[in-house]
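Lettered A, B and C in written order, each chain numbered from 1.
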Amino acid sequence: MSFQIPIGPQHPALKEPISLRMTVEGEVITDVDMRLGYNHRGMEKLAEEKSWLQNIYVTERICGICSHSHATCYVQGVEKLMELAPPRRGLYIRYLVAELERVHSHLLWLGVAGHEAGFDSFFMYTWRDREIVMDLLEMISGNRVHYAINTLGGVRRDIDEGQKAKILEGVATLRKRSEYYFYIGANEPSFVARIAGVGYLSKESAIALCAVGPVARASGVARDVRKDDPCAVYGELDFEVATADTCDVLGRVVVRVKELLESYKLIEQMVKGLPAGDIAVKAPRKAKPGEVVSRYEAPRGENIHYIKANGTDKPERLKVRAPTLANYPATVEMLRKGFIADIPLIFAAIDPCICCAERTVTLVAAGSGEESVVRMSDLRRQALARHQNAPVKRNAVWPL
Amino acid sequence: MAVVRTLLYLVVYPGLLFLFVYSTFCEWFDRKVYARLQNRMGPTHTGRFGLLQPIADFFKLMAKEDIVPEAADKRLFSILPVVGLAVVATAGLLLPVWNFDLANPGLTSFSGDIIVVLYLLSLPTLILFLAAWASTNPFATIGGARVLTMFFGYEVPLFLAVLSPAILADSWRLAEIAAFYQAKPLLLLTNLLGFIVAVIAVQAKLERTPFDIPHAETEIVGGTFTEYSGKKLALFRLTFDIELVVSSGLLAAVFLGGFPGGAVVGFLHFVVKTLFVIFLLSLLRALTSRIRIDQVVSFAWKYLAPLAVLQLLVTILLKGLLS
Amino acid sequence: MKLAVFLPELLRHLFKKPATVDYPFKKLAVPADFRGTPYLSPEMCIVCRACERDCPAEAIEISSVNEAEKRFKMIIHNDRCIHCAQCVDSCPTTPKAMKMDSLFELADDDRHKLKKDWVYVRAVLKPKAAAPATPPPAAEPKA
């Protein structure tokens, strides 16, 4: 018997709305349909209304987890447009925060993976230790989530000796804990049984479907913007691109834990080798006409911002390609022929950040499949009317 | 006097009232231990140490809106929670805690009551399946299918494991089995393997991690309970709490030497031993991640069932040796 | 394959103090430079409107109350504020007229109650002076 189960738009496994419609036969998935567009926020349009400086804070709010990556990506691009050269100390602090953010994002993801697999103790412990890095970030920047440390031409806050010592101390503890979680994640039999061999994505399809970030690296594709196109400071630092060749969720766990360890290495190098000098240069309010593409390796994968300037103090166009969007085609491939029980794990393994990837809303008539454009007020009126007139359906088939 | 005694037995102790209070206490204990194992606080503010939290949860659910889905089989949907509660509460009456006379079997303690308890503890599984089926929700339907699939995995090992001490004691009556092991406590050690198998099987029966597959919230939302709300959900939750008490009481009676020493001392034995079993169950819950339904079945038949058979073999050999 | 690898860690924590904090009853201290809620020191404000211009959330509103007296009114809409502290960075005076305190529990049942306003006379500062040229004029912070 084959029937359809709706995962989302509201579902406990999803922290944000997305609709995955699974055609299942018993416990096995035979087909996957993915629908986006439940949480469109109009970020790109909003960016056209704000000045270059204000847009740092707008882009920072594209994502709540990798807030710094979007802001950094944007700031890199605008600095290129304005021909600014941020001082080296400023760059070191900027990418130090970036690596701390990677640490917090990956620890968060480890906990989420544990929770999706029903391993709540693992979830609680990883999140407890994530507090260490959250406190470090709060100490450096003044806030836990939106660090707001970037500014055009450098960073806004400096680091003193006491903070340096605290960072090194926190990183030492975290390294020990991460190694322990690696041991737990790779040895707890019930957990390994859930993630090994699940969500297979071969190296060929990872390349063909343009997977990015840890998903691609877990399939043996050593693709990392920090290494391939070293921006600013990464060329001077010693680190490796973590890969795994198991091509499954276990591989993605391994890659992320290895990246944690690499990030600790980077943080220590940056703190110890922090150059002296200013942290920022003064930025003009207007940018010359031109366009730029900026890339940055967010914790979830390659983040791309396209920025176009027209000579005013506002961007003409800002296009954001969040890493999650690049991983959706690969997710569909991974979900096929899996079990229902694997859906949350496979989907969580791309570390989805759904709202970051929402760019458009399409209105599709359920019956005819026709697309249309309506005003917001009309849409609201239609929704109310539909709700009031809807007859009670027996044995309802879920409309697409 | 006998009538009053029986009535008290039914309603107050160890009948409904006691089972309600004690099962909520056990839920609190379970939650607190689970939280402490995870370095959390657990219930803290309702009552002293949060002791009243499960009762507060129960009454909160009782007061919530009760929705019956339009497409559901309404009569079946509504009656199943009550039947489930009745079944496990009845099983609770058969535990050899207080009202039994070793020499004279009565209504609450008779030859074969261990089979009846096991049977009554199997019924909630079927009730869950029916409840899931009656609610006609895709998530509930999958949950119901999972309930039954898992049932075929753990039920046989559980029966084998629980019945082997009975074979050694040469009785099908819980009170007599307990009395046999109270006389020869060393023989309890021979049932250790069976105890481990039974604890794991009970964990599966109670649908707790790693066997919380029928209502795995990250996969199939509420699973079997997806459409249940309000009073009905409260009753189902109470059913599971009482089932927790009764199953741990059964394991304590069979594997941990029962509850000797009359009403007061016997009661203390009951509390300490059930809490010990519940502690083991909580530890197991904190220790593992949820496994897949096919893994449950293969685990049950590859490891649990052979171990239970091994226990049975040991018991039979030992019995030959003793006689 | 090992069994129960997490067991020692779990049992070790069974009798330890929980890592969680009993939040509304006990509170953790925030770090020194925490970005809490913005507030104005009216005696320093020269009404350059840099904060109003740079605020990404349009949370700062400066209006003129009395042109002749050079009396101005600043409203900070804390319901819109995103706590980025750009207003502090943009503020040109030394010491800064805009500052952040360490308050973070701002919730209220009505967003209009979150507004804070100051009515004040524009300060006239000597170039590069650290203190206000005139003694602090009548500042009336209203809740």
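The rule is simple: contacts are C-beta pairs under 8 Å (C-beta built on N, C-alpha and C of every residue); 3 or more make two chains touch, one makes a residue touch a chain.
Computed from a predicted structure; not experimentally measured.
Set against the Cα centre of chain C, the chain with the most distant centre is B. Put simply, the chain nearest the middle, going by average C-alpha positions, is A.
Chain centres here are Cα means. That of chain B falls 55 Å from that of chain C. Note on chain placement: the centre of chain A and the centre of chain B lie 43 Å apart, centres being C-alpha means.
Per-chain CA centroids place chain A at a distance of 29 Å from chain C. Those residues of chain C in touch with two or more other chains are numbered 6, 10, 19.
With touch defined as above, residues shared between interfaces to two or more other chains in chain B number as follows: 37-40, 286-287.
Shared interface positions of chain A, defined as residues touching 2 or more other chains, are 121-122, 125, 128, 188.
By the touch criterion stated above, chain A contacts chain B in their complex at residues 3-6, 11-13, 24, 26-27, 114-122, 124-125, 128, 188, 190-191, 193-194, 339-344, 392-396. Interface residues of chain B, counted against chain A in their complex, comprise 37-40, 70-71, 136, 138-139, 142, 145, 209-210, 212-213, 216-221, 286-295. Residue ranges on chain C touching chain A, taken from their complex, read 1-3, 5-6, 9-10, 19, 30-31, 33-35, 54-57, 82-86, 89, 100. Interface residues of chain C facing chain B in the complex, by the touch rule stated above, are 4, 6-7, 10-11, 13-16, 18-20, 22. Listed in rising order, the residues of chain A touching chain C in the complex are 50-51, 53-58, 60-61, 121-122, 125, 128, 131, 135, 138-139, 141-143, 146, 148, 151, 156-157, 180, 183-184, 187-189, 192.
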